[in-house]
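Chain IDs A, B and C follow the sequence of writing; residue 1 opens each chain.
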């Protein structure tokens, strides 16, 4: 009995440590295994359902079809890059020939005219969404601050915001397209019109959450900080820069994350409708092609779109963690 | 040879024709050195197209380096629908595009968007078909006489469809069919075929604001972009459609419909798409215009060369996802000289897609006038117009002078031989009266009003809705 | 000594949906340079309003505030405020919080190195030099309030306004802070108006205790001179007769003459009692 007891007593410390290690492992495995289980279940369910859906373009693509397309799309990308290299070599030769004939000729290097591969389209979409989003932020944050600071401005602008906020990108698109074609005229345009159209559509749709959240952040700012600023007699601009802006950072980030999510969804829809280069166009083109590979390519695009949306949000979260003083608002 | 009133415009037309004559005359004497063609004024171009096999000359000119040979750096971009494509050309987003023959004509006369669009190059002959859903085909089939081998006798006339349409109308169900654009070849071909079978496809009355084309209609025609035709029919929104390839063969492959008649059977070697640019573009960039025409002529020649020997390669290119993108087999079906009607009923149609033979690339005035006659027949042109007006519009839009300049310089540069254009020597822009229509009515491009009056269904001289 | 601040016949009326509410009526008080004044009264009697009027965060409806013979019309650093809940900017470190004030107040009067030394001097003054680069959420409540005081002191104010500076702190910390404040006051001899709930705090720190009547239309009830010698020691004073007399005078005022009549007066009373007993 005593021996047993002493053994027990001796055993307590290592037992505790073991328990801790065990629980640590359990926690980690839970964090790792549960998502894996989820993904596996989804894969099974997906391949099972896919094989039982018949479309006029063949079976609905399962995971293996998508995997094949990923490889195909990367191969196509590499093939296109080779074509691009050849294109530049041909162009150089042509320029040299022309220069030999006409020494005064200033050789110009023209950009590759081939198709955008899937990977190119991903880049195009990401660049467009970020540009549109940044433009929106550049407008929305100062506007939101102004609205938050001035009750009159808020009363004046609020109805406009409320009306425009729920407008679908698809409604904006025709207007934007027409206006851009009419207004953005230049013989050597720096950006393609389609890029400008997509960008403005994204901006128009993603600006509102940022405006609303920023102004909310300003309005709900701790009155004490305003008092501090008053006691210090901070000039208006310093007040905005040193007090208002930092104070509303958490709310601004909340708005920015919402906006970026909207921006990404809007962009895909806009590209689809306007046939502007990018992932949306890829999906639409494949739908129109109606080839035996189309569905699996579209499915691949669906995953890529989702993944990029997720990564964008993650990046935004990291940025928020790095920049915001209020760590509690940057948890999820 | 032209009768009637010599208006000022008429004189201008004569001049244009004369220029054409002179240019084609010089083809005879290639030794006479023409001034060398200059470098293109605009080198970076963007061309639009709709996913149809007859965009092939553009894809081939790109892939075979014909554009680059002209010093043109061309980007090719598929468009959502014909309207977007036309707007793209008008607002300058696109420098040129694969267009429905009716589009430059309609734009010039101001039906739809008003704009001056010209065409120096006709892209192909034939290439369309009319497809009906399986359900309609089942009901039609009993009305079609059989050959000895049990297959239906071709061409299938709309007479076989008439009882079906009447049955639907008796039951109070509208009979909907799809075509791709109000001024598309497909609209006129479908109307021609229906009217030849005594089915009324409906009138337009733009002066009353009615541009739906459903006045007095027995069959209601509506617009659907070509690539969406099969899906729209599958969804039951339309019972059939007229569209270019590969969207008829796609219906066969998907097992959702049966092509009943090709446009080759409706009108043998009918002109189909054209390459459209704005008049302003042609005036601002004359060398570029001639050079892009040269590249397209070479591409068309390549497509028909050696008895279609290059077609398999062309099909492979077209099946790339950035061009037509349909499966190789689907595109190959029509592009390589066969056409599959009912599943398994594969028939040889060597001229289903013609890109160069029979002067397919030459922009004939008479082709433009045929489209104008159909616009008048169905009311898109509300009022009577004199024959001279038809010719005047044709000369405004169709530009054989540019075509001939391009052809001449290709011969001068010894890229093509003058034999390639031998039929065009002395060409006046009017084809000889054409007989091969499904209703056996003869078309003479020099007498548009007389032609319009020959149809049983359709507006005639003096009619106004 | 000369009068530095004159709160002259101040009325304060707040418009409310139910009609005007008179918070203050005829508040009149003259403060001498170097004097430490406590404002004491029940919650809601308008102590903070008086302070806010001096700071010009609120504008008096009638009457006004004259500082060094000049009427004050807007907030300014010469009337530095130590807020009840520290009001440090959470995105700035202790140093940066003070720096914001110093940079604003001494924009063209100090060089960069002077500013740096001055900020660090003030941090040392409140014994917070070790927390120089800590953000407010990384330090305790007492430490935050020390930084808040350092920030106010760093402005070299003509008059220091303290709005229940230690109200949110636990009893022990509060005592420490009071000691620190006495130590600082010994060195700097600032003019101070401090609002407090706490009778012991008022007696311990003040030269005069201004007792406010209950609102509405609150005003100054009595003014009590505290003539205890400096430096003061809380332990020694606990036995001091004068100290206890003053203490009971304040208590008498608060709990007999101005007994708070509210809907639930019991809670209010026990709360105040508890606070008092905490300190005692």
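The criterion applied here is as follows: a contact is a pair of C-beta atoms (placed from the backbone, for glycine too) under 8 Å apart; a residue touches a chain by one contact, two chains touch by 3 or more.
All values reported here derive from a predicted model rather than from experimental measurement.
With centres computed from Cα atoms alone, the innermost chain of the structure is A. A count of C-beta contacts for the chain pairs A-C and A-B puts A-B on top.
Between the CA-based centres of chain B and chain C the separation comes to 90 Å, rounded to the whole angstrom. The mean-CA centres of chain A and chain C are about 51 angstrom from one another, to the nearest whole unit.
Taking the mean of the C-alpha atoms as each chain's centre, chain A and chain B sit 43 Å apart.
Shared interface positions of chain A, i.e. residues touching 2 or more other chains, are not present.
By the touch criterion stated above, chain C contacts chain A in their complex at residues 55-57, 74-77, 79-81, 83, 85, 87, 89-92, 100-101, 104-105, 135, 155. On the side of chain A, the complex with chain B involves touching residues 56-57, 90-91, 94, 98, 108, 110-111, 113, 115, 181-182, 185, 193-194, 273-275, 284-292, 294, 297.
Put simply, chain A touches chain C in their complex at residues 222, 224-225, 227-228, 230-234, 238, 242-243, 246-247, 249, 325-326. Interface of chain B with chain A (complex): residues 39, 43-44, 51, 62, 65, 68, 71, 73-80, 84, 87, 91-93, 225, 227-228, 230-231, 234, 250, 254-256, 319-322, 324-327, 330.
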